[in-house]
């Protein structure tokens, strides 16, 4: 099968990390196609950047999803996730959603470790959007200056271990989630260090997308996740506008 | 004061209704400036349309907010509301948020009457995003074909009255909210008909925006609603990109 | 318009502060009438004092609301608020409710800073009564001896700033609310100090009462906020008993 | 032991029913003292009546609790319950609270059957105040004209049975609670009719008060249920004012 | 009346403590019968031990409940409580449930003090199962090595007092609950030390069981707590299997 | 990999259906081992049967999990799930949990269609245990006599379609879950009939177990899901008792 992985950030170096992590997770016979958002912020860390990235993610999906069996959104705020799930005929999984649902299969409450203070309330809201607020133990963020994963991964693991220990001992976390695509390569080192389950969302999302593709659940014909009725959109990419046009064959 | 009202839909006829309702509500000395979203759907009724409209709303605010003292987002899904609140130096109010908070001042639980079945779960999620899920009695939607407010307002009130009575008698609603900009002119007729408080959101939002402008609360310097740090955005409007650039003078 | 502001405490010096803060907030053309509760505690700080004050507030409203267009209850426990809203034909707003709903328009979660430890659980219950528990970050109280706002406002701001910083950094608060009428004059100084939005409830309540008066929403004819049916009450003030008598003209 | 039962309504005939039900429930060696509220409404059915009754209940407790080992508040809105619990040195139990907590010991979710439509949202709020909202299946009310329990108890049981069946079959109720002092004598007949547990609150409250007296838990010295610090109250009954004066011996 | 108290642990010394505490609480005329679980762990401290103990508790109840008027489950995880309530014709009360519901009658939020870190999330889940999550202030556990109540009760009280003070001052607890049968004899000493209400669950459960027996509520004929329909069970004790056989006379 | 699937019921014909459904779902290279609970009820439909089955499931897992890479519990009440997750070194997934988490990836709120009225409150509690109460639209049960899936699958689909339509139209369900192992073969037929996503839990659980095995998350060394410390258990199967003995090599 072919799984499209969209980087909602416009940074090609993050796209590189995402591709690496996604391919490491993909099963035999899964082809990973990674694309970068066509517009928007370099790296999403605020509400307004996330809103712009949601549109950009839909545009990327519209351009690249045809021919793919499923899709993954690879920013930890899951920009455009529910809209994409409505719009596309194939399964779409977000990396935050995937990590949180996987955490539910491994322990009681989970904590999110992330890299910007101001993301904490946003990520709490994301968890609550999924109805998972009661399973979120805490969001803990590294104070600036942010860790530099690429240059000094050992130091990054060190700092995350401190956050993680606090989440376990003070907040009652039983699973830890790395809240940000750039942290995606540190899960195993941190798990060994803390002797606790540590999840990064891109790998979880790829695996859950594969699972959904194999499951083959029917696209709903009714409700808020059914395909939008035909409508004219102005000023958006041709591929995106086309998804709102009447389908020649149903879907 | 000057209050910008953004129509997140790209329909000029809806912009006309919005302007009429907003001006009816504005206080003495308030100038209402109404603008239409620069791109996106004609009328938002799905999740993906709403996501695109959120970006379009930010673009409209970026272009027109300078010189305004406050802003209102006039689609009942409040597209881009929290992002706009983060991004702009002036108060921003959403029409759904405004109607729900005003309803909290008038009764116990409120019901939303809207015009598309598939909006119901989305509007429930909007209420929950604001932490107001426990005050939402129900969302009730007119089955298609939708009512035509412009051509036959009396018939529209008739149908809304049926929905409203069910919300009061079966769901325990004590305040009714009209969930859609096109319904904005029907609040008084429906209130008389049902002898109950009926709110439309645009007027509530204009009044709350005026109230916030007069209040003059400080823009936060920290947290998820403080101004985003400087960042390069690609492929967005020049005005929108400029909001992510370093400010010459603080704000 | 004329807005009645009731001090549910029986201290005239608090009535003085309340009047000052209310008039500072009132719009052009709004006349503020301030009255003191006819019986009850000097300053409400416990559950039983609050219950007595609720009755006293209803008595004050019954005596003074005729001729007024709206009313405000100016103690941070909002004594008698929902009962008053049911009983009176005009809008009634509580200062805690007003501050909390206004905070919802400015940020994600709010913290309440107050002046007595034992008020903290009570104020949390007040927030939950309004369905706003999920937006309450924390209640933090100054340990006794309480601050003396009148004699040394600078010291009071200093101590509140410490509380506020803890609420922001440890509890995730994005808006601060001053939880007590005597703190009402310190909002601006504290906002400057912390560079964060700081709300005091009396001003918010006056502004929201004005907004509701202008909105002119219909008094409900059904539900728990409609006018009580005629009933004899014994041992209460004549004005209060009269509100439970049949109305000559509807209301 | 001696248990004081306060009728927060000012109707002596309701006091009679309350006394009968309370004495039926009391254990060997328990003396029941029943008193009527000194002021307020004949029968509480609205928010404002309930607020006045809360004060009246505190006044009745202040006058009659000395010499008693525990107290019960016998109106289904539990007027003044938490305030009384704070103010008195002996345990105080409310009839709604007692019925709801007892229901938790017998099944999953409970329904409240009551006699006025407009009480339904108020009783839901009461349940939520106790943190029991998730165990409340529904509140169902007999439409007016209200049932006349005294004249035709068989007809009253008949109508309640209809409500109860709906609560069981449509709302998932597993225990039924009679929500009003006048219904207190119908519990057994309704239980036999429906073959389900049916609770009336006065008997539950008397039994729980006895249980708390025997338990002898310590009055807290801190928190919102500790005794209020000394304070002058004006315009309240001498007995009530005395409860806010310094105690000769601690308590 | 006769009340069966089941020790779900297989330690006879804990059975001894349970019997002592239960008899101390029992009213005049109540005979306490204490039995030890027929199989399972010495002392329940994990999820899997608790699951095995639930079955063992049902087996003990099946063997010993005939001839008893009510039953108590005396481990703080309440193993098998809801199942036993469904299966038996007489009232069954769990010690954690009893302590939590009693705490609701005494204050706002309660804290649980327990003796193993890994019990904390489990006890939080127990509280949430009863719908009481919002009244749970915190669970605080003594770090290992566990306290030795039998050998040095004064030291145990000392350590619990430290936990309790933290729960009161930092978590807002207004009532303290001792979360474990072995702590059952320390409630009074701790209450005196902290001058706060302190509850142990076995005594609360015995008293509530007595109260339910006297109340005589009807066993439901429908819903999830009615008697299971006849069914063959294999490999369980004869007494337990018999409870799933058709009853000669209803029940 | 090898995945153990435990039938917590003691009916071999249900084991047959479970094996069929599990093998249909398993990926290439996955060996499915199906075992029947060693004791307990033929078919779990009550709380007490479920408690006994939880122990039986642990016994089955203890006997058969060695040599397996993951395990699935195949009754819709997920008996023993969290205990098993604590006790075993390999991932364990429950069929209800798996269906609910998968439903979260496909739509907003899900409904459960099941075959016994008295299961409805139990399944609601299961959803709440997982923190997913807010995503549960409803549980709808076929009234007795139960459907006979094996003899007349078409009639069973017919009746489930009626339930499903009601869940979609009246309860707002966007995904349907078949709540019972015997319904496991009807998912596709029902999905075609309703044109909506329909999930059965065994297949979801097998796929999620495969996903977790491939993910290889670390077993926690702390918290309530870490391995229980060594302890003597009496009267349980030798294999089960051995899981509570000190491990020769860590795990």
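Just so it is clear, A, B, C, D, E and F label the chains in written order, and each chain counts residues from 1 on its own.
The rule we apply is simple: a residue touches a chain if its C-beta (ideal position, glycine included) is under 8 Å from a C-beta of that chain, and two chains touch if they have at least 3 such contacts.
Because the structure is a prediction, the values reported are computed rather than measured.
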item	value
Those chains which touch subunit F and also touch subunit C	A, B, D, E
Mutual neighbours - chains that touch subunit C and subunit E alike	A, D
Label of the chain whose CA centroid is most distant from the centroid of subunit F	C
Homomeric contact subunit C-subunit D: same or different residue positions, threshold half	same
Averaged-CA centre spacing for the pair subunit F and subunit A, given as whole angstrom	27
Centroid spacing, where centroids are CA-atom means, of subunit B and subunit F in whole angstrom	43
Centre-of-Cα separation between subunit E and subunit B, whole angstrom	51
Shared interface positions of subunit E, touching two or more other chains	85, 108, 120-121, 125, 128, 133-134, 172, 174, 222-225
Contacting chain pairs - touch in the sense defined above	A-B, A-C, A-E, A-F, B-C, B-D, B-F, C-D, C-E, D-E, D-F, E-F
Of all residues in subunit A, those that touch subunit F in their complex	25, 27, 85, 91, 93, 97, 101-102, 104-108, 130-135, 168, 172-175, 191-192, 195-199, 203-204, 207-208, 210-212, 214-215, 217-225
Interfacial residue positions of subunit F with respect to subunit D in the complex	120-121, 124-125, 128, 133
Footprint of subunit F on subunit E - complex, ascending	10, 38-43, 45-52, 54-56, 58, 80, 82-87, 117-122, 125, 128-129, 222-226, 228-229, 231-236, 240, 243-244
Subunit B contact footprint on subunit F (complex, rising order)	108-109, 134, 172, 174
